[in-house]
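You will see two complexes here that share subunit A, one where it goes with subunit B and one where it goes with subunit C.
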Partner chain A sequence: MRQFSLFLGKEWREQARSFKLVWVPLVFIFFGALEPLTYHFLPQILESVGNLPEGAAFTLPEMSGADVYASLTGQYQTVGLLVLVLAFMGSLSGERKSGTGTLLYVRPISYAAYYLSKWTAAVGLAVLSVWLGYGMAATYIVQLYDPVPGFPDVVLFLLVMSVWIAFAVTLTMTASAALPTGGAAGAALGILFIGLMIDGIVGAYWTWSPWKLQAYGLAFLTGSPDSGDLAGSLGVTAGLTILLVLSGILLARKNASKAKV
Partner chain B sequence: MNPVLEVSGLTKQYDGFRAVDGLTFALEEHTATALIGPNGSGKTTTLSMLAGLLRQSSGTIRFNGAGNDPRSTIGFLPQYPNFFPWMTAMEYMELAAGLSGLGSREVRTACEKTLGFVGLGSAGKKRLGGFSGGMKQRLGLAQAIVHRPALLLLDEPVSALDPAGRREVMEMLKELGESTTILYSTHILNDAEEMTDQLLFLRNGQMIEQGPLHEVRKKYGGSGYRVLFADRKAAERFAGAAPWDANADGQAVTISGESVSMEELLRFAAEHSQGITDIGRASIRLEDIFMKVVEKP
Partner chain C sequence: MSFTEQLSEIPWGLVWPLIAIQLILMTAALIDLNRKRSTNGPAILWVFIIIFINTIGPVLYFTVGRRHS
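Presenting the complex of A and B:
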């Protein structure tokens, strides 16, 4: 426990001093503000940009608050995941490559404390960023759109999203424990995006999957998701996350010998 | 005496070659041992295995008196220590000391004392990204000794330093050597000569010579005398007149220690004193032994 808090202090300082603590949330807040504003002011934007032929007319779909949340979620599923993977892809592999890890590994450290401190800091920052991003979006949505989802439904949606984000970050961390930084980024992005693609194309054949969590979460905003499917997906995701954490700890220990001396 | 570390048949096999091949040695308590060998002879690989970074392919490493985790009794300094550039020296030391098991109450004083010992007392609040090579080496030493390990493993501790820095670090190591067992690799043999009880010579991963400094010395030429002259001619004249085995080399004449006693030499020198500036014992330098050992077939 002592080692965990020492390591966590180090991670916290590193995030603060490398400004990760600032730019990761900023990216999410930026998209959170941009999405509702763009849709709301789209007609005016098109008008002021001009260059439209005489008599051109658009029928823009009437967006509800839930639609904007869904659209923002689409952004977070691409740009957001990319940012998170890039932010955390080197958290273990970087310390091996630079040799800064070497002087930690020669001490009587617990690799569980080592991995879990990084995991806590990364998942904490990622989930916080996502909440801040949706929070930003919510402040505009309640003012500019109608109807808007109720507050408790948005919180339920965010809780489900948090489980998905934690899974994505855990995958990145364990990839970083297993592989060099470049390979870790490739593996994490590959699994996340190929998973989303496969689920999008043939996902009708199954109902329990981490990649479906966003859809089930969004369903809270328009009604309610099938509780069995949601529970199943949450269970599968939690199970996979735990497996990833355990293998991440083992891999961090195993790969300590690859640290630069 | 009880050895702190016993190594037997230590081998590291990589695809196709053995970086370290069957090393067997022991380190007695509070002694200093120099691991000597040309580049690529397996010094760093050996130290990495002892530090627990690498797992040996075969052989045993036994730490006596260590608890469950031998890493808690070791202090390790790599040749080029790497630090988190965004940390300050004091933050780094506190992390290192804490992870090595120092209690929260002793951490602060231990870190301050250690930073002072290595001459970084006033650099505690500086970011490590701005540290010079010499300061990094000092901090490297500080993080290795802050938890007072029974065994210090140092990989080329002074090679990267300028002569003044080297002298200071050697003095620190000598002081540490009074209460700690030290194993260090080096190719600066003058330094090794100064602070070594035992020598381990490596070549191509194999131990080709080992033993206490004085024994190795004896084996490779022992000691003799050296007489210095003001000019070469005087040296040659002296060597020519001497009734024993004497070699003139520039302004110096060396005489094997087996053929003559100091008393006889002095008596002879008194009669042939012209041009003598210095007279004394000379033992074979480690550098000469190194060349002999490394080139040995």
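Presenting the complex of A and C:
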């Protein structure tokens, strides 16, 4: 336990020094602010930048608050995941390569504390960023849109979303424990995006999966999701996350010998 | 419409956070670049990327520009 808190302190310092603590939340906040603004000012934007022929008329759909949350979620599912994977791809493999690993691995450390401290710091930062991003979006949405989803519904949605983000980050960390940095990023992005693609194709039949979580979360904003499917998906995701953490610890120990001296 | 009129039509109350985030990201990236001095590719290239590419520039620097060693 003492090792864990020591390692956790080291992780926070590392995140602060590499400015991760600044730029990861800011990117999410930026998109959180940009998305509601873009949709609100879309007519003016089209008018000023689009080379529309004279007399072109558009009927833009009236967006509700829930629609903006949905489109922001779509943004986070692509750019957001990319940012998270790129931010955390080197968390274990980078230490093996840079020599920080050598300093650690010669000591009798607990690899569970080592991996879990990194996991806690990374998941903490990722979930915090996502909440801040949606928080920023919410401040715009309540000003610019009508009707807006109720506050408890948004919190429920964010809780479901947090589980999905935690899964994505865990996948990245374990990939980073198993492979060199580049391979880790490729593997994590591949699994996340191929999963999303498969979900897009056969999602109607495959109702219990981590990739379904964001859709079920969004359903809270317009009504309520199928509680059985939601519980199933949450269970599957939690199970997979625990499996990934366990294999991450084993792989971190196994690959310690690959550290560059 | 004159330029000042156009400026006053921009809803600054809604837009300023975007500009602030932009500036913070840019400053953080430049400070880090100044401190590290070892990047993938020439440092001056990264200075231009950070300053002239909106939002994505600093993020690109933090993700692929920093050399992790």
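In the analysis below, the second predicted complex is superposed on the first by the 260 of 261 C-alpha atoms of A that agree within 3 Å, B and C clash if a C-alpha of one lies under 4 Å from a C-alpha of the other, contacts with A are read in each partner's own complex, and residues count from 1 in each chain.
Note that in this section a residue touches a chain if its C-beta (ideal position, glycine included) is under 8 Å from a C-beta of that chain, and two chains touch if they have at least 3 such contacts.
What you are looking at is a predicted structure, and each value in this text was computed from that prediction instead of being measured.
Enquirer: Kindly classify A:Ala252 by the partners it touches after superposition: subunit B alone (first), subunit C alone (second), both, or neither?
Expert: In the superposition, A:Ala252 contacts neither subunit B nor subunit C.
Enquirer: Touching A:Arg2, do we find subunit B (first), subunit C (second), both, or neither?
Expert: first
Enquirer: Could you tell me if A:Leu34 is touching subunit B, subunit C, both of them or neither one (first, second, both, neither)?
Expert: Only subunit C; A:Leu34 stays clear of subunit B.
Enquirer: According to the stated criteria, A:Lys10 is in contact with first (subunit B), second (subunit C), both, or neither; which is it?
Expert: After superposing on A, A:Lys10 lies in contact with subunit B but is clear of subunit C.
Enquirer: Tell me the contact category for A:Ala126 with respect to subunit B and subunit C: first, second, both or neither.
Expert: Neither partner.
Enquirer: Could you tell me if A:Ala177 is touching subunit B, subunit C, both of them or neither one (first, second, both, neither)?
Expert: Neither partner.
Enquirer: After superposition on the shared chain, which partner residues are touched by A:Leu156: those of subunit B (first), subunit C (second), both, or neither?
Expert: After superposing on A, A:Leu156 lies clear of both subunit B and subunit C.
Enquirer: Considering only the touch criterion stated at the top, classify A:Ser18 as touching first (subunit B), second (subunit C), both, or neither.
Expert: In the superposed model, A:Ser18 contacts both subunit B and subunit C.
Enquirer: Between subunit B and subunit C, whom does A:Leu104 touch in the aligned arrangement: first, second, both, or neither?
Expert: It touches subunit B, and subunit C stays clear.
Enquirer: Let me check the overlay on chain A: which residues of subunit A are in contact with subunit B and also with subunit C?
Expert: In subunit A, positions 18, 98-99 sit in both the subunit B and subunit C interfaces.
Enquirer: Over in the complex, which subunit A residues touch subunit B? Could you list them?
Expert: Listed in rising order, the residues of subunit A that touch subunit B are 2-3, 6-7, 9-10, 13-14, 17-18, 98-100, 102-109, 256-257, 259-261.
Enquirer: Spell out the part of subunit C that touches subunit A in their complex, as residue ranges.
Expert: 14-15, 17-18, 21-22, 24-25, 28-29, 31-32, 55, 58-59, 62-64, 66, 68-69
Enquirer: Over in the complex, which subunit B residues touch subunit A? Could you list them?
Expert: Checking each residue of subunit B against subunit A gives 44, 48, 51-55, 69, 71-72, 74, 76, 78-84, 86-87, 91, 95-96, 98-101, 104, 140, 143, 155.
Enquirer: Which bits of subunit A are touching subunit C when the two form their complex?
Expert: Residues 18-20, 22-23, 26-27, 29-30, 33-34, 37, 83, 86-87, 90, 94, 97-99, 136, 140, 143-144, 181 of subunit A touch subunit C in their complex.
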